[in-house]
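Alright, structures below, take your time with them.
Both complexes shown next keep chain A, but they swap its partner, so chain B is in the first and chain C is in the second.
The block that comes next holds the complex of A and B.
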């Protein structure tokens, strides 16, 4: 039987992992919504985020607070995502009529493989950031401040993104473009610019997710592709285009993974995939998605 | 009537004869080849089968089924597990083929409710799940070590059977391309809504095409184990295998008979070359190849050759 301390610990860990997944999958929801292209290199932004924080931590002598590296990481990956859209995705989208969907898949897969391989040359097989803030004690519970800070930051980022999409002009323009590309164009929205900004936001969300992940676990350069597939599955699970759905799917997945790995670490990935597939077999339109017309 | 027969002869029998002649050449090569060359020829046949049968669904409907190679994986694993437990070889092969085929149809019947990119992703997730499951169920699958079976001298019969499956796959591809089914599937590729408006049941058409294309990886699973006496998660469900059929079909030219075969031969050669010499940036080379194929050769090698011939 689990003690209550273990339950608190595991639930917190699950929420944390779910939060990291949600940053990744929300980024994917909006970028897929804009471009309608399945971007298999989305997870690579996450891997590069981890790599950036790791290298930053190494170069500053291993004593610098890794949270501060986020100040450089965010604008850097925003620009990276912006350029990624401008030079690759925009070109692919303009060709969408003549190139098959399978070919688009190959291009983003190729980009993912190149990024992975080049990253693998620069770093050791597994890397992590061994940094933790002093823990706090409440009654007999020891709570890691690093984890608490990460959870708070994830909540802030998610809420901030929500407010950004609801309240600001650019945010509203992003939602309009996701709904109807031509319609937004006719309303005088610079859709190309909006699309690039969305990819910038998507890339920086993924990079932040990677930065948090590397502070908690050791990661490797080849994590990108499996985690991309996981993010896409979460997006489908939550229901396409639904940000709340992505959040829900991420938290279900995170909590499952953490609880299973408490009993048997080897099974955590497998059970998570099993649950994703089972839910999709029962509800292919996703948890919060609109019902697909039965043919 | 005569003219119709002649055009049928020209378009169906002639390419088939050429392909069969090439395969017989391969058979003769096999008889004089050494051990490594023999297993290489076997590998070429396996990928030709996978690429052609993948293109039955992909080339006609545009649906990217990334669980295609996983059918091969299940089939080989079920076969290896049964043989390991001392069941009769033929009975276990039949069971493996039928079970993996049934599994493929059952899961895809659910997955086909999702369309286009979503379908692709769910099938990819399913392949990865198969990979993790074979790793984790180590008391039946042997984990990362896989299963070795000792079957004695089954090399030559296994090769003949492989050869027969390849011929069957080529024939089936050709027959479907020329049939009403092929026409219906290609109508669907243009627009599923319009196909439905014309009275086609797109859902059952997709299932039929999928079932036909899944027969061939299901058949080649036990044959592969018979030949190599060995299977592990990377051989069965590795990322290389998951993406190999689509890369090969697109590289050669999807929607044609010669395309996937050409693609399978060239890409297998490239993979074998890169993984034998162990260069540090081999994934980058593959990545660049994929980008070139995707961006510059939308109709594959055959399309490129056609364009060059027309412009000169």
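The block that comes next holds the complex of A and C.
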């Protein structure tokens, strides 16, 4: 029988993992919504975020709070994502009629492999940041302050993104472009600029997820592709293009993984995938996706 | 940089000797393929007289891999430097004596990067045997990688001395050409448990086990030994290789509240577990991490591992000189730029070099069957004490005698805490958590 303390701690752990997945999958869903190209190198932004924080921590001799590295990380990866769209995705999109869809996917896969190999040359082993805050005790519970801080920051970033997309002109332009590219163009929106900004946001979100991940776990240069697969599944589960759906899918996956691993660590991934498949069998359009009517 | 400087210095020295004394006897340039990093090492061999130039009839070729890249690289990625230091120092002494040739022969170690991957290691060991034509092999780092190369090594019947690989599953297959200087994994923690028994403070223990040959092998011996000395096992949690999140295990351990948390995992996984356990407030009276090495400490943070206990195979206070002498070993470590505190497994790799050297000098020739016979029969003194790599017991063949002993890290310094004759400090129990 699981104690109430265990339930609270497992739920927090699941929310944390789900939160990290959500940063990644929300980035993927908005970039897919804009470009209609599934960017298989999206997970590499996360890996590079981890690598950046690790190198930053090493470079400062471990004296620098890794949370503060986010101040540099966010604008840096925004620029990286912006340029990635401008020089690769936009070119691919312009060739969409000429190149097979599979070939577009392969180009992003190739980019992922190149990024991974370059990262591996930089740090050819597992790496992690040996940083942690002292845990806090509330009644019977001992909770990791590092995890709580990360969970709080993930919530802030998600809420901030939500407000940005709802309240700002650029945010509204992003949503409009995701809904209807031509319509947005006719309304005078600079869709190319919006597309680049969206990729900048997506890359920043993934990099932040990577920064949090490397503070919690050891990672390596080749973590990008497996995590991209996970993000793609979450996006499909949540409903293609649905931001709230991605958030929901991420939390379901995170909580399932953590709870199943309490009983048997070897089964955590398998059961999580089984649940995802089950949901898709019941709702093929995803949790919050729209059903496509066949004529 | 040091290698380059040494190479240039030796080259200039050779030139001067060649020009002015005419006594340059032989020069061998050895190139070691090591993935992207290629280092040229110049080995110079002199005979006893300076008037007659004599080329050695042949070179003894020893093959090995090290994990220059991949998860094991922080643990053993620098051991190629130890092998090369040994090679250079042995050659400076004239090489190893081989009776068949009636003289000392220079040694050459051919080293590849196995990327911490079993399949890569298996391919490279086949290359070492079939292309590099090695006379004898040093095993790769870790039991899991050694298991991956066993079939190849057994197929070609090339003698191999394992390094950091003592899982029982390596030695219960009846393979006659694979030897170990150290005892089987299950016996490693015997000294540690003897100390726990003598101290009589801890009453309960929990095992956290990585599901690989190392973790399973350590616990195979540690568990019955713990029960034998009267410790109650309150938890036994096995986790698969590659596990990232340990929340579930940590929660169970918190509920079990053991005196000792024994982490039977290789350094990367042990570090991942301990880091999360500390973050989530798991504070037992003691953490015992056999792999209390630099890679582990750096990943968790030095201040976080204060009073942790681990296991070593060598300390300066051990009264043994070894096959080449203690000074020779210390010089090799110095040349390799390694410290025992950071890389305690370096001593285990040195034991393998000692066994290889003894076997070559004991064998009548470099014939592989003669080398296997020599390995099977030698009983030698190493820096960690006597060993007999050909020892068989029960279903196991060719396992040595050397066991580890417990150490504790206190305020950033290691102290040997058992056995009493080599103890350098008192065992601190329980951990005085801040």
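We take it that the second predicted complex is superposed on the first by the 292 of 295 C-alpha atoms of A that agree within 3 Å, B and C clash if a C-alpha of one lies under 4 Å from a C-alpha of the other, contacts with A are read in each partner's own complex, and residues count from 1 in each chain.
Here is the rule we use: contacts are C-beta pairs under 8 Å (C-beta built on N, C-alpha and C of every residue); 3 or more make two chains touch, one makes a residue touch a chain.
Here the structure is a predicted model, which means the values were calculated and not measured.
*Asks:* Quick one: classify A:265 as touching chain B (first), chain C (second), both or neither.
*Replies:* second
*Asks:* Thinking of the overlay built on chain A, is A:240 touched by chain B (first), by chain C (second), by both, or by neither?
*Replies:* first
*Asks:* Tell me which partner A:177 touches in the superposition: chain B (first), chain C (second), both or neither.
*Replies:* It touches nothing on chain B or chain C.
*Asks:* On the A-aligned overlay, A:281 touches which partner chain: chain B = first, chain C = second, or both, or neither?
*Replies:* First partner only, chain B.
*Asks:* Based on the superposed arrangement, let me know which partner A:217 touches: chain B (first), chain C (second), both, or neither?
*Replies:* Second partner only, chain C.
*Asks:* A:273 contacts which: chain B (first), chain C (second), both, neither?
*Replies:* A:273 sits against chain B, while chain C stays out of touch.
*Asks:* A:144 in the overlay: touching chain B, chain C, both, or neither? Say first, second, both or neither.
*Replies:* second
*Asks:* According to the stated criteria, A:121 is in contact with first (chain B), second (chain C), both, or neither; which is it?
*Replies:* both
*Asks:* Once the shared chain is lined up, is A:109 touching chain B (first), chain C (second), both, or neither of them?
*Replies:* Only chain B; A:109 stays clear of chain C.
*Asks:* What part of chain A is shared between its chain B contacts and its chain C contacts?
*Replies:* Overlap of chain B and chain C footprints on chain A: residues 120-121, 266.
*Asks:* Which of the residues in chain B end up touching chain A in this complex?
*Replies:* Residues 58, 62, 64, 107, 110-111, 113-114, 116-118, 120-122, 124-126, 128-129, 132-133, 135-136, 196, 201-203, 239, 243, 246-247, 249-250, 254, 280-284, 286-291, 293-295, 298 of chain B touch chain A in their complex.
*Asks:* In the complex of these two chains, what residues of chain C are touching chain A?
*Replies:* Its residues touching chain A are 36, 68-74, 77, 116, 211, 238-240, 243-245, 247-249, 251-252, 254-255, 268, 271-272, 275-276, 278-281, 298-301, 304.
*Asks:* If we count contacts the way the header does, which residues on chain A are in touch with chain B in the complex?
*Replies:* 32, 36-38, 91-92, 95, 98-107, 109-114, 116-118, 120-121, 225-226, 229-230, 232-233, 236, 240, 266-267, 269-270, 273-274, 276-277, 280-281, 284-285, 292, 294-295
*Asks:* Show me the residue ranges of chain A that touch chain C in the complex, using the header's touch definition.
*Replies:* 3, 5-6, 9-10, 13, 17, 62, 120-121, 124-126, 128, 130-133, 135, 137, 142-147, 216-218, 220, 257-258, 261-263, 265-266
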